[in-house]
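One chain, subunit A, appears in both complexes that follow, with subunit B as partner in the first and subunit C in the second.
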Partner chain A sequence: MQWLKEGSVLANMRQTIFLITGLKKYYMVKTGLFSKAYIKAVDGVNFHIREGETYCIVGESGSGKTTVTKMLLGLEQPTEGKIEFLGKDLAKILSNNSSAKEFRKNVQAVFQDPYSSLNPRKTVKDILEKPFKVHNSVIEEKTVVRLLEEVGLTPAKEFLPRYVHQLSGGQRQRVCIARALALKPKVVILDEPTAALDVTIKAQILNLLIDLKEKYNLTYVIISHELPLLKSIADKVSVMYAGKVVEEGPAERIFNSPKHPYTLGLLESIPPPDPKSAKSKTLPTLEGEPPSPVNPPKGCRFHPRCPYRFNLCDKLEPKEIEVFPEHRVSCHLLDKK
Partner chain B sequence: MAETLLKVEDLNVEYVLREYKVNAVRNVSFYINEGECIALVGESGSGKSTVAMAVMGLLPPYAKISAKKITFDGKDILNADERLMTEIRGKDVTVIFQDPISYLNPIISVGEQIFEALMAHNPKISSNEAHAQAIELLKKVRIADPERVLKMYPFQLSGGMAQRVFIAMAISAKPKLLIADEPTTALDLTIQSQILKLLNNLRKEYNLSIILITHDLSLTSYLADRIYVMYNGQVVEEDSVEGIFSNPIHPYTKTLILSSQAIYLGEVKRLREKMATITEKVENSYTIKGCDFIRKCSNYSLECEKEPPLIECNGLKKVRCWRI
Partner chain C sequence: MFLFRRSRSLTISLILLSSIIFLGLTAGILTDKDPLKTGYSQGLTPPSPQFPMGTDQLGRDVFSWTLYGIRTALFVSLVSTSLTVLISITVGLPAGYFGGKLDQLLMRVTDFFLSIPRFILIIFAVIIFGPTLTNIILILSVFSWPTIARIVRAEVLSIKEREYVQAAKVLGAGNFDIMFNEILPNVMPPVLVASALQMSDAILAEAGLSFLGLGDPNMASWGRILAIARQAIYVGGWWTLAFPSIFITITVLSVNLLADGLNDIFNPKSIR
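Up next, the complex of A and B:
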């Protein structure tokens, strides 16, 4: 297996963009006059995001994936744990105005709902000029036109004077992407970039993202609950469940040989667009609902829904096991001891 | 042979706003048999929800509906008075929506809302009986702890649970037709497959007809028998599920199927070459004349500038395209 190890050494040589260790975020909720509880939105996760990678975080609603993005963008303070951006502590970067500005220039975001993340009173031109204004750069119409052409909104001149309500959902998302790219960032964080779009538009936006990444050597962090979409774009996938990462690894490993029962269940429940396939007749399902983040189950958080649970699962929290270089799973079934 | 439950012929819906007129639905005809599931598939703005709401008589007053004929269970519901419609709505025809939490009353407990649904169609029901029936209904939709859920308020429910409660209310009067308008769009993958299964079970148990409205073609392969593909207010292709998937003819149906399959297989990159033969980008300011798909279609000819009719092909298939 020497060649495999060498492969992972090569991967390690790429620059680390984000190094996240033991990240936790608890929100306090009042449950009575004097009593309180904590919503454990994110409960101890580690990520290692390298340059030029498309790193995908998958999970159902309430799994904590959006909270992770907010912390990566510096919009939320972690309760515990550390985020390092290019080797520097993110909290320190953000405490200094000029380094914070530099960070914001390098790390841009695209959000799920292009209807609410664009200002309805501004034209496309205003929206795309804003990042340059904020960062005191020179604005040339040429640059803005190029940005629009880059994201496939042609003829660009026709789109410049339009308001947001004159654009379709797909066009709006393209404007959001253009805005994120305006300052030539290193990293783009995309939170459910295609969730609000129609299937044909989804495919187009995915292709656009793939093109842009190749052209500018971007690093993507994509957060999504739509597992099938990620198949076309992901390099690495982290599967989150109830605030924890249950499985992490190279995309082709996650999609082709998933090890955690939850990942397996997720992949199984994707309905195939083909009435002839056997799966479309039976449609395997994973029973049950995700647990409450206030009071997650003891032991493995997935055990109440797991079809393979045994007596250890509700008692002991599973440790992370590396089943393949870079492919880590937290499940007792794989613990050989 | 199953009997036709709902038959709609040449439905047109026009939204008349102050200065605008929008033809949201144009010449849509469809039918659904007892115990059958049909799917209306199309992108947002294609008019698929408007069709369903027009049938239910739930469109706002500025919508003008006209049709040759709408019959439900042998009754003419196009010219029906409000009294007959109220009788049919909620009892024989019910609807579930994409976002169940916003359709449930936030300040009334789940139990009371189900009792209300039960009482609306059976005013003489006793409270004990209503309670027992509500529990029964919640068990039907596979809610694990019905007693507890009855006392809960909508904000305490997860999306999946709320959709189950909504389905429970929808089936409380043993309807003949269930309209499911994007029933799983707001739900997670694992919950989506649970809800689809639930709908399929109910369909078998009650011999329920289901109109599934969705933008996601992959959902139809499990549940639907026949598909109507809608584009820009018109039905552009209709066929059995197998026929749509194995032999799509209209270029829009083709792009829809290729896109969903490419996403499913993770081959979005290769999609572009395949799509190039069907669609190409045409200038945005092109005025539409004739076929609606003309500005996206790469296989158009002169005759496409006339509006194509729905042309009958083999079997169940009908296509609105000149180039077949």
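Up next, the complex of A and C:
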């Protein structure tokens, strides 16, 4: 099976699209007339995203996952650390007009709320022509129609003159996806693409995303807290907690043999399909709430909620340990062995 | 049609306003008398077929004065309000969008204008620069923009955080493109409501200035005939006071109703 091995070598040699090292984002808040504090939204995050990968970031609200994507999109400046896009510093790319435009063409986004990510005063046609206008390319109705067909809005001609309020949630999200694809990007960053949608629509949108990825060899960065949905699409998953990545690895490793107690907690809190099963009655939950981002707990940030904590956890910050190729965990439990 | 069904105030105001505008536009046909010319009659004469609204003590025709007054009132208020909106957008849009030092600077200027008594300043400025139509329009706009500029800024602050603005940034749209094409159309509804109110303010301010003798002497203004009526009513010339006052009231009322109606349409939830 020589070819299989070669295949996996090739997988590792795929181009790195985003390389993130020591990324931090602090927001200043005034706590009194003269005092201030910092919200540590993202506090030292490292990872890389390879070409053709579906990279998922999961975590509770406030874990910093949305802030990471905003920095990847260049909408927020990192407080510290570096983002490299195709080997070049993102800050430098954005400081130059022509390279910034090139970056914009390559990296597009779909936002969480399809109700607020489309301008209510524009028609579908206006919205889909915008990308071409911004990049001074020729606009043909053919192109816009093809985009709409691509995302399953047919007959496309009927949708062109519609305003956003005349579309359903799923249709809006399809328009958002069409807008993101208009410039033929390499990477699409999806911030909770299905969170605001009905269950049946969720599956449709997810299938659409899978189809488009294969067709255009896209790289996805998906932010979500819906683990069951991610299971069907993710290649790699990183779990964020209180501004840090606590576990990162190939999707099958994360879902089948999670190492960090927090990942375990997240996976166990998914209700099983059968409500009568014994597990449903005693659905394990993570105790407590995510910590304050202003004053995160000392040592391991998860220790106040961790069922397995021991004397080291509140004193020392755990180091990242590679438990399996590409599978990294930050937890003292693994250190102990 | 569907708009009218949604707001009764809009229907009423549009009926009133269009009749007023119609009267103003056809003033030249409805009356053959020059409103500024004296001596049509010997002193005060009550309403009669020849003078439907009577004449004042100098023999001026109140009817033609009132009709031509519509032109003055609407012209001054429309032009000055448009200018006001223009200035407030130029100030409020960048202040809200860019924030930071620029916002601080522009808002302190705005605060300064808001903190001085407006009408007194307008009187002052008219006395200094002279009571011509252009001056009055310019002065009214220069001292009226701060309220609307504040509204624009507040709206921009909320709209620039919407995801469609973020999406435009991600597409690579420039600041001007975003400000004018994405944000401005969504800022307009509350601005239009405020500018309708501003318009009725301007009508009253112009009438007030003319009443004080600071109107353009070459224009027939409702304020000025009221100043004349002040003397006429002592000798029973009620018509000099009544007709122009009725027109001021109806015009201001219908413009205010227009603001109400616009508000009903832009915020459908606020009806009832």
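The rule is simple: the second predicted complex is superposed on the first by the 323 of 337 C-alpha atoms of A that agree within 3 Å, B and C clash if a C-alpha of one lies under 4 Å from a C-alpha of the other, contacts with A are read in each partner's own complex, and residues count from 1 in each chain.
Methods note: contacts are C-beta pairs under 8 Å (C-beta built on N, C-alpha and C of every residue); 3 or more make two chains touch, one makes a residue touch a chain.
This structure is a prediction, so every number in the text was calculated from the model and none was measured.
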*Are subunit B and subunit C a fit on subunit A, or do they clash, once the structures share the same frame?*
fit
*Look at A:Ser61 in the shared chain and tell me whether it touches subunit B only, subunit C only, both, or neither; answer first, second, both or neither.*
first
*Is A:Pro275 contacted by the first partner subunit B, the second partner subunit C, both or neither?*
first
*Considering only touches as defined above, state whether A:Ser98 meets subunit B (first), subunit C (second), both or neither.*
neither
*asked:* Applying the document's definition of touch, where does A:His135 land relative to subunit B and subunit C: first, second, both, or neither?
replied: second
*Which of the two partners, first being subunit B and second being subunit C, lies in contact with A:Asn256: first, second, both, or neither?*
neither
*asked:* Quick check for you: in the superposed arrangement, does A:Asp113 touch first (subunit B), second (subunit C), both or neither?
replied: second
_Which partner, subunit B or subunit C, touches more subunit A residues_ = B
*Of the two partner chains, subunit B (first) and subunit C (second), which one does A:Ser35 touch, if any: first, second, both, or neither?*
neither
*Is A:Glu289 touching the first partner subunit B, the second partner subunit C, both, or neither of them?*
first
*Quick one: the Cα-centre angle at subunit A between subunit B and subunit C, nearest 10 degrees, please.*
70
*asked:* Looking at subunit B versus subunit C in the superposed three-chain picture, what is their shortest Cα distance in Å?
replied: 7
_Overlapping contact positions on subunit A, where the subunit C interface meets the subunit B interface_ = none
_For a test of understanding, state which residues of subunit A touch subunit C in their complex under the given definition._
73, 75, 100-101, 104-105, 107-109, 111-113, 116-121, 130-131, 134-135, 176, 179, 183
*asked:* Applying the document's contact rule, which stretches of subunit B touch subunit A when the two form their complex?
replied: 43-44, 158-161, 188-194, 196-197, 215-222, 241-242, 245-246, 255-257, 259-269, 271-272, 281, 283-285
*asked:* Under the definition above, what is the set of subunit A residues touching subunit B in their complex?
replied: 60-62, 152, 154-155, 158, 169, 198-203, 206-207, 210, 225-229, 231-233, 255, 265-266, 269-277, 280-281, 283-287, 289-290
_Residues of subunit C defined as touching subunit A within the complex_ = 162-164, 166-174, 177, 182, 185-186
